[in-house]
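In the two assemblies presented below, chain A is common to both, partnered first by chain B and then by chain C.
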Partner chain A sequence: MTDTTSVSLPHDDRPAPKKFRQRGRFTKWISVAWLIFIVFTAIGASWLPYVKHSCDQFANEDFCSTHLDTNPLLSERPPTWAFFSETTRPVVGDAPERAGFFGTDTNGFDIFSRTMFGARNSLLIGSMSIIFGILIGGTLGLIAGYVGKRVDKVIDTIMNIFLAFPALLLAIFIVGFFDSSTTSEAKSRSIVPIIIALVILSVPPIARLVRANTIVFAQREFVLAARSLGAKNARVIVREILPNVFPAMVTFAITGMAILIVAEGALAYLGLSVSAPTPTWGAMIFGGQAKLETAWWISIMPSIVLFLTVLAINLLGDALSEKFRIKEAIE
Partner chain B sequence: MSTLQTAVRRETGTLLQIEDLATHFVTAGGVVRAVDGVSFSLEHGQRLGIVGESGCGKTILSRSIMGLLPRRNVIRKGSVLFEGTELTTMSLKDRQKIWGAEMAMIFQDPMTSLNPVMKIGKQLAEPLRIHLGSTRENAQEIVLKLLQDVGIPEPEKRLEQYAHELSGGMRQRIMIAMALACGPSVLFADEPTTALDVTVQAQILDLIEDQCREREMALVLVTHDLGVVAGHTDQIIVMYAGKIVEIAPTATLFSKMKMPYTEALFQSIPKLDDPSHTRLTTIGGRPPNLVAPPDGCRFSPRCPYATDTCTKVEPELQPAEPGHLFACHHPVGSDRWNEVQVSLGRRSGGH
Partner chain C sequence: MRYFLQKLSQLLIVVFAVTFTVSLALGAIPNAEERIIAAKGSGAINDEEKNKLLDSLNLREPTIVQYGYFVQDLVTLDWGTTFNGNQSISTSISDGLKISIRLMIYGQLIALLIAIPIALLAAYRNGGVFDRTSTTVSFGFISMPNYVLATVLGLLFTVRWQWFPAISTDIGFFASPWEHFKNFFLPTIVLALPLAATYMRLLRADLINTLQSDFITTARAKGVSTPRILFGHALRPSLFSLVTAAAVNVGALVGGSVVVETAFNLNGLGRRTVLGIFASEFRLVQITVVVLALVYVTINFLVDILYGFLDPRVRAGRLG
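So, the complex of A and B:
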């Protein structure tokens, strides 16, 4: 028997088995590469060889270097590579590289440099909002889903009230609320009220998602098994249910962060984000709004970076959810 | 008492005393009387089988005894005395101290009763950490010993594995190990082999029996399969529609069953010496709707021997001999029973 099999199946002649290829692997790695670049730049902007402007031009000292550029750039210069039309051609005598890779804005700031510094603010706002959103929303969702009864009803009602408001209106209201209490001390708006607004926006959907997942897992037999072994409720929630809800939470958090970065942009566009001249992507896009016809690069260049980052985050989120789905299917 | 040195528990006497226990669920469709006035007792080290069709309240009974059911929309009556302590009025906090330490439960489907995202080693250590306050390090040793006890090969390797990497039988062994971890004095096994292959079933049952004997642990084996309880229990309770219809020592039940329902269950077991292509005997109809159970004897609509008395008067549990109780107006061997046997063309006393 064994002889015939080995004879009939000569290993060497058969073509190599086709390798399993996962869909969208290429885009996933491009996304990861882009995000690594953006995060790297956000963390290291101060030490990277970007053009730095004096601290007077930045509201927050963290986002500038003490090195004062002695020879300020000319304002509203197009990107170095964009001298294809009459209006965008650099002024004679102005060396192209002085204008900067992304051009300069109305104040003569280098847009590339500001975009890279802006990554720090935008990502910080996005990630802090989603982290606190997950902590608060996740806790509420777990409690509501596991305890049920009146606790669930109260939490669910509150979440529904928040969800009933138009998101942007709610955010404007919250920023305004926290702003009025701080304006007297600080002239410039810090990122804290914006983070608070975005956290409040992100809590209800996260709480609902976690609650729904918790209800599903709370009815699974392993939870009953853990309870029958004497595990207390807190232990059941933290050790049995939370690890199971975690994948859905992470997937949602990543997509949610992309949404929040855009939301910050929307707030900034309404003039409600961090005070100028501290750069965030949204604030920069807003800053160039008036000059869109003559100096398009002021708005467009940060828009492109924002777009690519959000796209990359979303693609990564999709890849992750796919992965978790496959994992769930195995079980 | 140390958990793993085979428990030197030589106690005798009553471990569990259940008196008129009832569990009713309030639903939109009415009150479901899942368990309706059940009384029995369990001795130390005794192995008890609870049999009956699906939906007869076996699972709810075992969970009611432990007190694992939610309180919402549930009506509970009766008393459960565990070593003289009333469980039904005990606070959740106190019950949690008993769960796992004194009474443990294993479930039907080992596929779903293990946490899919927790490593086996960690999961097994849970009861030890809850009840004995073990640290991760000293739990490890006990966990390895437990895995060996339940016959798992390469225990060190299993500690780092997840539930989905193991077979069904292996997972049920893990569940048993978890239940045994703190040396409980009674183990509830709720259909422990239903989800497993027939070949694995026997191994798991033998394992449960061996462990019970070794640890002098009482066993409550809930199953719908008379074949399962036959070889692994000392006493059997037959349940129908939330009530006990017959209790007897295992040997007595099989040789001198009184209740027609028990007889019907027994006849549903395919016999090896039947000629091939013999139709399986089934019990006609379905267990009754527990929202509105039939008047009189609850088995009467499906019982071949039922008379007017059966549909009007509910039979009480009555002794046939010491230790053997049944609830029937026309038990196996009675005149009515003989009459129907003859009319059906079966020989009277045909087993």
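So, the complex of A and C:
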């Protein structure tokens, strides 16, 4: 520890090493590319050619669908590249052979196809929830921050009530609440209660963030100018404050979407997401848990895709927030 | 004092709202009565017992009266038994709380033990190789959902190498320290790693700011040794956001470690709630949720008060 120069002194803020900056840009574009790929496959899940792959595997065309709840073949097969996994377990149907990029699950469905269909559901749930969360939370935050006083107190208290419950338990409670069936019946659950639960989770933090930003901007000169020109409150909020709060909102929305996708996965992991035949990433990970000893790929493959997607979204959010911060610093 | 009263009134409003919502939620659940009867067990229930059970829940009273009974039961600790009659709710909650609190403490300790040294090193050589690697790795851990981490670690440590049991059993520390360690190691790690990543980033950012302030330059000029500067001068003023996060997590983790508890089959409070929802044990769920929310709110209240005490700027409402 003889080198004492490396503690940054107040006036020498060196720029980050060139190599680092380039790598940062590189990872940003990789994450953008990955997200585009995932969105593309999620949208095109039913038309893209790899679903046919699972059709080639099974002579009977009925088994093509990746989300049937019948058992076409009671077998799980390792991915094509996984030479080290044992294939000695009993298989009903054809002789064990390696199949697909990601292998097949216990029902004989191609995991790659299922992961892509899962992307559709997971991304749909994540984006819908964050959009509604932004709409509701943003409105509440703008009103609370702009009007202030009593309205602010009331909104703040309501948000505090929601924040008082542990987040995941609140979501579980809401989703469980919508289950109208008794315990004995099989539960079928649609996408709606999950989105509602996630929206409720996302509203309070967004409202708080928007409120804090609104308070700052509401005191600025241009707002005063607009008001002295006779602009109505609604106009001031929409035309003067909203555009300024927007960057923070978008950045938060991107990170928030990653959190919500993870939360949906957690719900699914606890068995509380969309009912069985419809795949989501969380449900797929959970479905493979019991088979972890023999067929690790059932859980691990969707896990990797989920992890990469969340990582990409987070990296993108980070890059965006950096960008906006720099922009704010310039202004 | 005004600050204290203001926070206290907020706390009371939230407590009232939480208990009220939870108490009413039971009445609002679609066909609650059928589901409660179903939870009670198959067939062997006559009308008399059925009525007794439903009466004890006051479902048919007006909402205000229901709420009154609910609060009365809560305060007098008369929490009753689960619908299937196997266990009293207070034992269930205290058993669950024991595991959850233990996990929370272990997780927090390990997370802080990992985060503080790494943050110090990273901030000290800001922009260096160690800083970049640790920031990248921490980003990875923040992006990794805990169920994915649990799955991966489970695959490696319980399936491939079989060092730890796949299903953790709650063995007390004094009964067998080694078994205790083996059973709690994986859940703790799964809980601690993402936490450590968050803490590390918070502390690192604050430390970098602190290290640029004038008093550090002065200390450096006086010839104070590097470890002494880091631990003695820089660490303490940088702890603010780390302590906030850690304190908030104390409350959040007690109920929020549901996934970890499920992954390793530990019957903590969170897992008990989830199982309760599945089994339509609404009474258990109601009381657990209220207890958890109260713990969380109280801890946040204490943290707020403590800050107001430590830092007059918070009291005046100019910070945070």
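Assume the second predicted complex is superposed on the first by the 264 of 331 C-alpha atoms of A that agree within 3 Å, B and C clash if a C-alpha of one lies under 4 Å from a C-alpha of the other, contacts with A are read in each partner's own complex, and residues count from 1 in each chain.
Here is the rule we go by: a residue touches a chain if its C-beta (ideal position, glycine included) is under 8 Å from a C-beta of that chain, and two chains touch if they have at least 3 such contacts.
Just so it is clear, the model here is predicted, and its values are computed rather than measured.
J.: For A:221, select first, second, both or neither according to whether it touches chain B, chain C, the two together, or no partner.
T.: first
J.: Could you look at A:231 and tell me whether it touches chain B, chain C, both or neither (first, second, both, neither)?
T.: In the superposed model, A:231 contacts chain B only, not chain C.
J.: When the two structures are overlaid on chain A, which partner does A:149 contact: first (chain B), second (chain C), both, or neither?
T.: First partner only, chain B.
J.: If you tally the residues of chain A touched by each partner, is the higher count for chain B or for chain C?
T.: Of chain B and chain C, C contacts more residues of chain A.
J.: Which partner chains sit in contact with A:240 here, chain B, chain C, both or neither? Use first/second/both/neither.
T.: first
J.: Pick one for A:44: touches chain B only (first), chain C only (second), both, or neither.
T.: In the superposition, A:44 touches no partner, neither chain B nor chain C.
J.: Return the residues of chain A at which the contacts from chain B and from chain C coincide.
T.: None.
J.: Where on chain B is chain A touching in the complex?
T.: On the chain B side, the touching residues are 66, 68, 72, 93, 96-101, 104-109, 112-118, 126-127, 130-131, 164, 175, 178-179, 181.
J.: Once bound in the complex, which stretches of chain C touch chain A?
T.: 10, 13-14, 17-18, 21, 25, 28-31, 34-35, 38-39, 124-128, 132, 139-140, 142-148, 151-152, 154-155, 159, 208, 211-214, 216-217, 220, 225-227, 229, 251-252, 254-256, 258-259, 262-263, 270, 273-274, 277-280, 285, 289, 292-293, 296-297
J.: Could you list, by residue number, the parts of chain A that touch chain B in their complex?
T.: 148-149, 220-222, 224-232, 235, 239-240, 243-244, 246, 330-331
J.: Under the definition above, what is the set of chain A residues touching chain C in their complex?
T.: Against chain C, chain A makes touches at 1, 4, 6-10, 14, 16-17, 20, 157, 160-161, 164-169, 172-173, 176-177, 180, 182-184, 258, 262, 265-266, 269-272, 282, 285-286, 288-289, 292-293, 296, 299-300, 303, 306-307, 310-311, 314-315, 318.
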